[in-house]
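Below are two complexes that have chain A in common, paired first with chain B and then with chain C.
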Partner chain A sequence: MKNIPHENILLFKSCLVNVEYPGVESSTRYLFDHLGVEYQVHPDQSCCTGLGYYYDLFDQYSTLALAARNFYLARESEHTNITTLCATCYAILKKSLHLLNSNEKARSKVNEILEEAGLSHMKYEANMLSSEENIFHIVEVLYSKREQISQKIKKDFSKIKVASHHACHYCKIYPEQSITSSRNPMLLDELADCCGVKVVDWYDFKKATCGAGFSQRFANRDLSLSATRDKLYALEGKADVLLHMCPNCQMQFDRYQPVLEKELGRKIGLIHLNIAQLAALAMGADPYEVVGIQTHTIPVEDLIDKIKDIE
Partner chain B sequence: MMEKKHKKSQHSLVREIKDNLRASPDLGIKRCMQCGLCTSNCPAARHSDYDPREMVKKVLDNNLEVLDNPDIWNCFYCYTCASNCPVNNSPSLINQILREKILNTGGNVSRVAEFIEFGYNYVEKGVGTIPSTFFQDLVDDFGEDYPKLKHDLPDIRRKLGLKEYNLKGEAAAEVKNILKASGFTQRLEKLKKIA
Partner chain C sequence: MIIMTNNSPQVEYIPPVYKEKRLRHSKNPDKIGVFLCRCGDNISNIIDMEKLKSSIKADFVAEFENLCSINCRRHIREEIIEHDLDRVAIVACSPLTHLKTFQNYADPLNPHMVEMINLREQCSWVHTDQEKATKKAIEVTRAGIEKLKNAQALDKIIRQTEKSAAIFGGGISGITAALSLANQGIKSCIIEKKPTIGGNMVKIGKVFSPEKLAEECALCILNPIINEVINHKNIHIMTRTNLLRAGRKATHFKLILEKDTGLVHEERCIACGKCAEVCPVEVPDEWNQKMTTRKAIYKTFPQAVPDVYTIDRENCIECGMCAEACKMGAIDFKLKPEVIPFQAGNIIIATGHENYDLNKRPEYGYHRFDDVISQMDLSRILGVNGPTQGELLRISDGKVPDKVVMIQCTGSRDEKADGKRYCSKVCCMIALKHASIIREHYPDTEVVICYTDLRTVGMYENYLRYVQDKGLKLIRGRPGEVSKKDGKLVVRVEDTLEGKPLDIETDMVVLSEAIEPSAGTMRIARKLNVGMNQDLFIKEKHAKIKPVNTDMGRIFVCGTAQGPKDITDSVAQANAAAAKVSEEIESGTEAEPPVAVIETSKCDLCGKCRNICGFKAVYKDEENMAVDPMACRGCGACAGQCPQEAIEIKGINDQELYAQIKALLSDKEEGEIRILAFLDNVGYTAADTIGYNRINYPEAIRIIRIPSINRIMSHHLMYAFNQGADGILMAEYPDECMLEAHKAKIKELTEKIAAEGIPNDRLRFYKAYAPHYRGLNKQFHRFYEDIRAEAKI
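So, the complex of A and B:
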């Protein structure tokens, strides 16, 4: 497995975590603090532009130039192990570094943009950072700490059945760099196993998209929900919790599940949690002050009531 | 749905796609063997008339009709096709480049019009947002808890120990200047005008 860092981590803020599931960030911080992972959040970091990029709005150069600025912040603060909370940030940043390192024309154009913006000091030189060795997803850090996590579990999840949804932009854009297979993704399942839950390792549509489809959710709602429906129906009765690693997927399932349940005429009854939220809960974190369950549409309280302290 | 017809150009679509910055130099478009693995796993093909294998075929044939096919706007950009393609082709990337080409020549701008606000918000605050054009649609689907959540968010974030995420002062100015220098601000103005 590739080398996963435990220090000098820049925990990269995500726009959808910020406003939809902030508990994903606070749970991650809780875990990093308890697992001895050294990190910082940079107040000046801008978003990756990913949503805009896939709304067909952001062009590649604008995305690259903003990435170069964020890479400067990482270098300047000596936290060059950029670790994302979102699968789209992960792939956008990987692509940005790949282009900046390998495409000289792109690099000089980006440096011209920075100069014109009065930011010459932020210019990027080839191989200052590496796409393979400087961009990570929080799930990778947690995975590399899985033994430590399993030793710190305080809550009994053994009666809870958990299935996983591996975000497309983590598994499918750079499959050779991800630490799980895009054809048989098991990363979240293995991590969940360390938290003491019952894992549903396979179900129909396991590899399928959440259906958000970036602009599709808004511009093509029915098409978008058709894909979401495939997965939720396939999981009916099979699991109590669906685990996530991307706020966009989590939003699609958690917010639209009641819409699909209404149409179906019965409850599908899945609860949606990010893997960091599940691990934090299992390690005894407060549901409201750390895990942030109060921003979820599907109430998490039922689950909290079921999990008791391990004797 | 397309507002403009596309003239024949002497450059082939394949060449144009390979030269686009979004495409990696090793994009296996010419190696496509029309196996259909992309289509068999594609959520948009499952639920609409869109067919990535066919789209790639049209591009390979330099058939510009592909630009007028409204179905290409159904792609989810999920990259399932790319992860299954045996020859490192990516219908997902090709689709992104085709849509960019259409938008840059003034076609189908109404499709992105409602997302323009995302761009303006980013220019000002350096963060992604859900465009307010869609907020009411979301409230209709998610119910009244959703606006309440938005209202309570600052308190919730404080309770979780999280700080402000919108950029301010110098950082915000830097982002704004970058987007001016990259031509993004101009692009937004242009799209807004056409829309």
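So, the complex of A and C:
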């Protein structure tokens, strides 16, 4: 397994997390604080462009230029272990670093852009950071601390059944870098197991996409929803919670489940949580102050009622 | 136990075969004879022979019309004896065409006392100005004679490989190779890590026979061969045996093997089976793909060879019940694995393959659903000695399935993580074979094959038609997932010809698992230092012309250790490997200089020579570094690396190089341009071809033949520049296994020459290809023109 850092972490803010599920970030901070992970959130950090990039609104150069700027902030603050909350940030940053390191033409153009903007000090030189060694996902940090997590569990989740949804942009863009097998990812399953949760074995459509597909969600709504529907139907009655590691997936399921329930004429009853939210809950974090369940469309309160303190 | 010994005497080197060398101690210096050839008028029409002749300073000079003609053989020999010549220069054509001829004509002399000077390909055929060509001819001839004066008499190295072979792997490939060798009188030992020989072929039940349009019983074909192997006096079988270490010698390999006893005295066991009857431990039986169980003491299958029981140490609880039941006293819990030193002249790697781990494709549910099975599982189910006695029954409920869906390319042709990029070659035929058997015996069972492409090449296409005629549904598409719905398996696939997604409900799914290199193959490759390809199969030396050689001399490969293939191809390749071993033993191999020789007293065993050698000619022989002359090409890469200067390249020494360089530049006139071209054999061939095609190039080009640019050091080049060379071109064929050494050499020479203040465009490198002689010619012209243009400024 690759080396996972526990210090000098730049916790990379995500637009979707902040807007849709701020509890994911606060849960992560809660966990990092309790697990002794040294991290920083940089106030000047900008968006990775992922959403705009995949909607074809941003070109590669804009993405690279913003990435170079963010990489400067990481270097300047000496927190070069960039750790993302969102799978799209993860893959976008990996690709950006890879291009900036290996493509001289792209690099000099980006540096020109920075210079024109009066940001010469932010210029990027090849191999200042590495795509393989400087970009991580929070799940990887949590996974490397799973033993410690299992010792800090305060809530009894043993009656709760969860299933995992591993994000495409984590497993499928850089498969050789994903922890556990990219074809049979077990990151979330193993982490959930450490939280004392019953994990559902392989389920139909386990490896399929959430359906969001960025612009597909709007441009090809039927196709997009059919993918969401396949997974939700496959899990109906089999799991109480679907675990996520990407805010976009979480949003697709949590916000659109009522649409599909209406179409189906009954409740599917699946709750959607990020793994950080689940772990924080299990470690006794406040459901509203820390885990932020009030921003969820599918109410999490039923679940909260079911879990009791471990005696 | 009896260890096979080699009966053949151990021969390291046979003494020189050449006629007794002439004694030279009485005279000094050596007498030199020069024989000029007009080559019809191919040489004399451009070269002024009289002028050339008068320029030569030698003890004997004579001119002939056609020096290569058989009657000149007599002349040359007579003159050598008559004039007591020690060294002979043949001023004629290319050494590539006729060096052997003239070495033969000059027979009482050592072959290295014969030098050929190539006036035809390098003067008369490529230059038109008689005066300039004659001038060049005179200098080239002088350079050749100077080289000749510095040549050393060398003996050919003859090596007699020991008459024996160790064959790793007791599957159909290893068995076939062993039998072929044994029949040729060569002692062969089959070394198998499992308790029984026969490999995968004993498991598969039936084999496809495209020529007969039938399926035949695999064991019925194999058993007579196995019987022959057991009874052959030249074959020894060692099962449960692994290779621990391997050492290399000039004529043989020294192997250290470890034989596990299985806690049973093989020679005492009569295979009565009483031990297994009383054994209380039941474990899944690998031979039946874990669909049945066996005991901890067991015999793999009824016809197993050797016919003895063996204990599976991992699962044995050492209760001792078997030992009590054994009337022969064959079971002994104190038996320790035995370490056996073993010697063999040759090695054949026939270590076979393994099947792809289907856990790596979790979406197909191999381990979740009982009725998702592999083709090998199906082979056992359809086998009359299998878990269902040959009846097609579902594992889950013992019922005959109404429908079977096969999924091709499970793990093969898969570029994603954990997949194999290659085609496993046999799976289409295996699927068709099983489909044929099912359709024949269960006409009510529907068979669907989901394929990527159906690869039934050559005559196998007939077999496809034959099975199709039995009723078979083919869907072109690679299924995405196998799931279960209302108790039925569902295969989700896109029919890519129709362009529509399908959910196929079925009772049984069969995955056509990829073939992958076995762990044993990789282990043995590392132990023997044999190269593997990027997919970790054993790499053949040349896929087209050396398909059973490995990159190591006297180590051969056959069967699926080298790549996916069926039984037909494995058997053909096994016979080829056996033929190569036999050739190695029978012919005795000769190594021709140039070869590298290590002066052991200077060597400090740093190993740099071994690391640089792409021909794997350097090895550590117990305490000394040694060069296998048969593998060595004399390229000189090792000599360039040696910090102790302990390596000499016999056959082209420094004095010869210096003498040639000096003579080729000695009478350079004011304003004249001279370019030295150092060419390896391929470059030299291309230069000859320029001559055959009568294409002109500047007289300024002077060619020196070298084994490789690795032979050339910066001091050679600096000597040439100091003697007046205007440019140096080094052309060589980019041999794959030496690419790294070439790159390093080019870098080293470029840097050193630059450090001496030579402009960097005066040293050029060129990749030579024999058919691309025009490219080389263009280099000659361009180099010359560039220097001339510079001189004008």
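Just so it is clear, the second predicted complex is superposed on the first by the 311 of 311 C-alpha atoms of A that agree within 3 Å, B and C clash if a C-alpha of one lies under 4 Å from a C-alpha of the other, contacts with A are read in each partner's own complex, and residues count from 1 in each chain.
By our rule, a residue touches a chain if its C-beta (ideal position, glycine included) is under 8 Å from a C-beta of that chain, and two chains touch if they have at least 3 such contacts.
Keep in mind the model is a prediction, meaning the values are calculated, not measured.
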| item | value |
| --- | --- |
| Larger contact residue set on chain A - chain B or chain C | B |
| Partner chain in contact with A:58 - chain B first, chain C second, else both or neither | first |
| Partner chain in contact with A:207 - chain B first, chain C second, else both or neither | both |
| Partner chain in contact with A:176 - chain B first, chain C second, else both or neither | second |
| Partner chain(s) touched by A:168 [first = chain B, second = chain C, both, neither] | first |
| Partner chain(s) touched by A:116 [first = chain B, second = chain C, both, neither] | first |
| Which superposed partner A:22 touches (first chain B, second chain C, both, neither) | first |
| Which superposed partner A:288 touches (first chain B, second chain C, both, neither) | first |
| Chain C-contacting residues of chain A that also contact chain B | 175, 182-183, 207 |
| Residue ranges of chain A touching chain C (in the complex, touch as defined) | 175-176, 181-184, 201-202, 204-207, 234 |
| Chain B-facing residues of chain A, complex | 13, 15-16, 18-19, 22-23, 25-26, 29, 41, 43-44, 46-52, 54-62, 65-66, 69, 98-99, 102-103, 106, 112-114, 116-119, 168-169, 171-173, 175, 182-183, 207-209, 211-216, 218-221, 223-224, 226-227, 230, 255-256, 258-259, 288-290, 292, 294-295, 297 |
| Contact set on chain B toward chain A in their complex | 21-22, 24-25, 41, 43-44, 46-48, 73-80, 82-84, 96, 99-100, 103, 111-112, 114-116, 118-119, 122, 126-131, 134, 137-138, 141-143, 145-146, 149-150, 152-153, 156-157, 159-165, 167, 170-171, 174-175, 177-184, 187-188, 191 |
| In the complex with chain A, residue positions of chain C that touch it | 359-363, 365, 368, 416-418, 481, 483 |
